[in-house]
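For reference, the structures are reproduced in the following blocks.
Look at the two complexes coming up: chain A is in both, with chain B in one and chain C in the other.
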Partner chain A sequence: MSSGHSETINVTLKVWRQEGPNENGGFEVHQQTISTDASFLEMLDQLNEQLNEVGTEPLAFESDCREGICGTCGVMINGRAHGPQTATATCQLHMREFHDGDEIVVEPFRAAGFPVIRDLAVDRSPLDRIIESGGYISVNTGAASDANLTPVPKAAADMAFDAAACIGCGACVAACPNSAAQLFTSAKIGHLGLLPQGQAERWSRTENMVETMEEFFGSCTNHGECSAACPKEISLDFIAFMNRDYVKAKIKNRALAGQH
Partner chain B sequence: MNEMNASMPETPTTAGPTLDGRVPDGDIATKWENHKFSMKLVNPNNKRKFEVIVVGTGLAGASAAASLGELGYRVKAFTYHDSPRRAHSIAAQGGINGAKNYTNDGDSVHRLFYDTVKGGDYRSREANVHRLAEVSVNIIDQATAQGVPFARDYGGLLDNRSFGGAQVSRTFYARGQTGQQLLVGAYSALMRQVGAGSVELHTRSEMLKVVVKDGRACGIIVRDLLSGEVTSHSAHAVVLATGGYGNVYFLSTNAMMCNVTAAWRAHREGAFFANPCFTQIHPTCIPVSDDFQSKLTLMSESLRNDGRIWVPEGFDDNRSAAEIPEAERDYYLERKYPAFGNLVPRDVASRNAKTVCDESRGVGPLKNGVYLDFAAAIARDGAEAISAKYGNLFDMYQRITGENPYEQPMRIYPAIHYTMGGLWVDYNLMTTIPSLYAIGEANFSDHGANRLGASALMQGLADGYFVLPYTIGDNLADMLGQQAVPTDDPVFTNAVADVQNEQQRWLSINGTHSVDYYHRELGRIVWDYIGMARSKVGLEKALSEIPTLREEFQTNVRVLGSAKTLNQSLEKAGRVADFFELAELMARDALEREESAGGHFREEHQTDDGEAQRDDENFSHVAAWEWNGVGTAQTRHREELTFENVALSQRSYK
Partner chain C sequence: MAQTTDQRYRVTPVRPQSRQYPFPLNLYQSAVGRKWVMAITGIGLIGFVLVHMVGNLHVYEGPAGMHKYAESLRTLGNGLIPKGAVLWLLRVGLLGMFVLHLHSAITLSRMSGNASENAGRISGAKKYEGGRDHVAATFASRTMRWTGPIIALFLFYHLADLTWGWWLGDAFVPGDPYHNVSTSLGNLPVAVLYVVANVALAWHIFHGAWSMFQSLGVNNPRYNQLRRGLATFLAGLILVGNLSFPILTQAGLINEDKRYCPIGEIEGNACLAEQALDH
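Let's look at the complex of A and B:
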């Protein structure tokens, strides 16, 4: 992109409107004239100002940090979760990625596990249910020993961090043809399972989280769309890690319970 | 004079009685230990009999709710987010302080205490700050045990860096995502309690009223953001962990939804609001690029280690940076502060940027920034070395601005970033309403007039994990055997009706401008007059412009749709209404504080060198404001601050 030169472009927006979870939805078409310096969500802000002015209810869409870290934003842009730019959440996308005359189709994340709330807002709370079922290390406040008592090899710490970078946006689920949540779940299982602190509950955690995941989401058939859409580029290797641990967990949990 | 102006005091504010922070006696180093011993305890079986409401599930709220649940209290936690993991705490980049002295460079609890009191420009309560420094070490242990992946060295031990001008390395960090990792840790601890049934979690639920009966907080009123249903929740104690109010400026580095509503509504029920004018500006943010800018992005302060700050020497210079010869550039920080140069503290760097832009020497298309130039560093160390240090920041900058900072200087400008003011609390973190607590950025905090880098995460988690879970028992113990007030009590049913009426009122105005329009306009006033530099004239202007704009907002805002569905404009309307009232109080507070301290710079009170000049004789106190009803000026109370362990001194960076 040319340095420092913003231009104004005209785009045709086809946005999904849906009044509620049980209503039928459809596309609405709006023309927008916008500076290429604006972010994609600022363009939607501008649309909402215009809608409000003419007496039409603004479009519901979610965002908070607008820095790519909270995971609140997320829509399908021209069929891609979070839009065309790799490793970029919807809120970090700028209009300089588009051209004058483009048509831009904006839809909610679509997945059986994520019912539409209104317009572009969806319910991603099943992801919290997965964490609730085991995505933690059980240590009560005050029960921790000195932080440097257990050294963690730097390589393990770094790899755990790569997994822990997940922002819980759900783009992986939206991108998956089966609406599977393997990438999200494996990111947490990988994060905790790679650290010494996470070993005591490694097997029970894996079993519980995987089974809760299966209650809400589809199954993985190795398409890899999830990782391609992920704004934090979480690696498919974590899915392999989770699958291995799940098989082992089935055996080990029985063994740990004394049932050889 | 219109009716809104009636809220402006005609006479100087009445000074209320002095407030007591209820700091325990004794030596600073043993106060907290002794206090823990002398507080009343609730025995494990009795904890189940107490209900505690926690509003907010950021670092402070999630850590508190999880810890209270583990102890056996019956906890209800509320957040307007769809998940606790989304709280604004997630965005903190730099790190968290802890007086571990792992680096063996002379750090100690006392040094962290000392640095924090001094950094706060001597406007914080010594005893609280000391306690904060004491528990800082436990936070690092707790977070590590939860699996927070702090940076490690090759030996596998935790790594530290120095931050915010500290002379020791005591900052723990997780790449540039320390807030995210700490919040995910606290969130997972919270979700464990949710799974265990000790915490009932209410997401997408906004608290709109604190309910008080017989002078004691007994519950809250909440609106379900999806169905619009308004419900009552009662408890023996209510904890507000609802974050800061930086978004009163409209543009800030805070997340879009951050707001003051919970704290403000508590203020309206009788909780005193302390030091609202103490707000913090961060010098290195990306400047505003256009009228529909929605928020500002922080660029790490570490950039000032290698970047040189300059503007053109001449006024209204329209040339690009490359066209301006070296001789016509003004490296104003290096010129004015030869000893510290580009590394002067946040407030000094910020005010100087404002001065040069106000002189029409700003750069960029809107002339609203200053250059932060890496050309010299790249020539000296090579682009590769610079990329290794700052690559991710350079990428972030380019993504937002479309400009390549390896080829042309960055443009930066200060932005609002943190608020030191908040609900007044005593040593036990209780507000002036018994049984109502405030923790994290929502309280007036331990940071005095200025917060040091990496200390907000520390304070939020100190309050939530290690202070409140102890101090709350002291109050609850007295209530053993009492039932929580039933939600069919008139205090609840009346409060529900108030909230429902408020929603209907917004929908019925049907004026011409959106809520955002008024928020943006309000933000301009607050930024211009209660921003980086304040003056009597400016503050009086603010006090006349804010009520006028508020009057227009109240009668001419347009909120469409219904109260029975997700309605984001309706949510914002109530929040912006509270920002209007807060803004006015900020101006009053700034006007009455006839000194400069930390983030509060009064142009009338500066040294010959342009440094902030405190007035310790007259203003070594916390100003805590009491609500007196709509249209009546708040009463200003003071809590005197005494410094027995840290000697007061004047800053100089020449």
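Let's look at the complex of A and C:
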């Protein structure tokens, strides 16, 4: 693995196949011979080429950027969201993480909020519902304002940036034994709530996003599986921040706080 | 028209929003708010467990010391309000916290169950058919829903045992806790039961006392490291203190040889009270 040169390995793939949202699914077994330099998704591409050749329906899975920034990819690999490597999305995982003769179990991200569309592709639109419910932030339109017009403390900028790194992949939900979406939601709440530009609507945004989240997902019990699975290593600190802001939002006298 | 594809996969909420009650009831309607209730009642319950454990150390002073301690609980706030009133207030508060803690735990786990059971699969209740790997979750965090009910069942047993005297029958002497403790815990199976239940309690607190900081949003990089330490310390302290009772009773440290007064001595335990004064 660390020798730096590539080799070819044989792996047994056990992939989840499911024809539609309301169909029963099951595992299908395929043998793959693949270079350790290939990415995990390239291996699935290779499988699909083979399936195409014999005229069977290719495996449905999602991907877009293939460089860990869009959040489209994401499957459960050997019981771990995004596979065995930490701080990486499925598309950044390479076959050198596996050994000759390994069995690799591939399943879709599962949660009631993520119904399977087909095979490994799931509908993660509830995450969009959460974002939508967060609404807008107030900014002046018109001519572009001067750069650095709004002072942002360095510490807050750093923290907000960490939160903003969330790519919305949904691995946190998939990894959570409760199917809770706390890490995702708190990252979104955190990145606006920490910045001066996000202060005007801070409390209503927190309230709405949390309440929308609770429509689709489970309740957090602080296992910490989400953060361990997260390709962007979003911290559990944001969950605490969200929990604090949610209750504050309910208590706050918003008129006197000058915030909404 | 674009709508049709959307419609097909639109995800139905597992827990649609309902009309909000006025503050502060609306807090309890949300899961995040309910976790606050769990955390705050958890703090209260841990406080009780600690006081209960420390207070019971009086058993090592012998029958008279134990009697004096039990009596001092009944006379808390004496002179101001009728005898036993403070104790009853504490009991009612404790019961309230226990009920809230339990109710939020049950409803929240049902909520999580709805959000994950049968996910993506029409039959079968397992989240991942191919199994899953836990990376960060601890044994304690994953067994909260087991240790919790064990503690609740044990609590009932314990009250029936040493407060109501259901199991000891005629051997139970109201007002002589030393006698009751040594009789009950002198029985090996009972001692084993107490050990098992208190291990479960310590496991529960090991996760709970850490988790409550997150639920309450008490989080600061400066002292985040201390949170784990505090939870471990609390769980350890309660474990050692509470396990000492069944174990040392079995070892013969708590027994009736230490007694100068007849068991359950007459009206108001006059002899015990006298001994306690000498103490």
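Basically, the second predicted complex is superposed on the first by the 236 of 260 C-alpha atoms of A that agree within 3 Å, B and C clash if a C-alpha of one lies under 4 Å from a C-alpha of the other, contacts with A are read in each partner's own complex, and residues count from 1 in each chain.
FYI, a contact is a pair of C-beta atoms (placed from the backbone, for glycine too) under 8 Å apart; a residue touches a chain by one contact, two chains touch by 3 or more.
Please read these numbers as outputs of a predicted model, since none were measured by experiment.
Following superposition onto chain A, is the placement of chain B relative to chain C best described as a clash or a fit?
fit
Does the superposition put A:258 against chain B (first), chain C (second), both, or neither?
After superposition on chain A, A:258 lies in contact with neither partner.
Figure out whether A:58 sits in contact with chain B (first) or chain C (second), or with both, or with neither.
A:58: touches chain B, not chain C.
Quick one: is A:154 in contact with chain B, with chain C, with both, or with neither? Answer first, second, both or neither.
So A:154 only meets chain B here.
Using the touch definition from the top, say if A:101 reaches chain B (first), chain C (second), both or neither.
Neither partner.
Could you say whether A:46 touches chain B, chain C, both of them, or neither, answering first, second, both or neither?
In the superposition, A:46 touches chain B alone.
After the superposition on A, what does A:123 contact: first (chain B), second (chain C), both or neither?
Both partners, chain B and chain C.
Once both structures are overlaid on their shared chain, how near does any Cα of chain B get to a Cα of chain C? Whole angstrom is fine.
Across the overlay, chain B reaches chain C at a minimum of 5 Å between C-alpha atoms.
Taking the two structures together, which residues of chain A meet both chain B and chain C?
117, 123, 125
Can you name the residues of chain A that touch chain C in the complex?
14, 16, 18, 21-25, 27, 76, 78-80, 105, 107-108, 110-117, 122-123, 125-126, 175-180, 210-212, 214-225, 227-229, 236-237, 239-247, 250-251
So in the complex, which bits of chain C are touching chain A?
Listed in rising order, the residues are 8-11, 13-17, 23-24, 26-27, 30-36, 108-109, 111-123, 127-138, 141-142, 144, 207, 210-211, 213-219, 221, 224.
Once bound in the complex, which stretches of chain B touch chain A?
Checking each residue of chain B against chain A gives 63, 66-67, 70, 81-88, 90-91, 100, 102, 138, 140-147, 149-158, 174-175, 177, 180-181, 184, 187-189, 191-192, 194-195, 203, 226, 255-257, 289-290, 292-295, 297, 320, 365, 399-404, 407-408, 465-466, 469, 514, 516-517, 558, 560-561, 565-566, 568-569.
Of all residues in chain A, which touch chain B in the complex?
Within the complex, chain A contacts chain B at residues 1-6, 19-20, 35-39, 41-42, 45-46, 48-49, 52-53, 55-58, 60, 62-67, 69-72, 88, 92, 94, 96, 117-118, 121, 123-125, 127-128, 131-133, 135-148, 151-154, 157, 160-161, 164-165, 167-168, 191-192, 195, 197-198.
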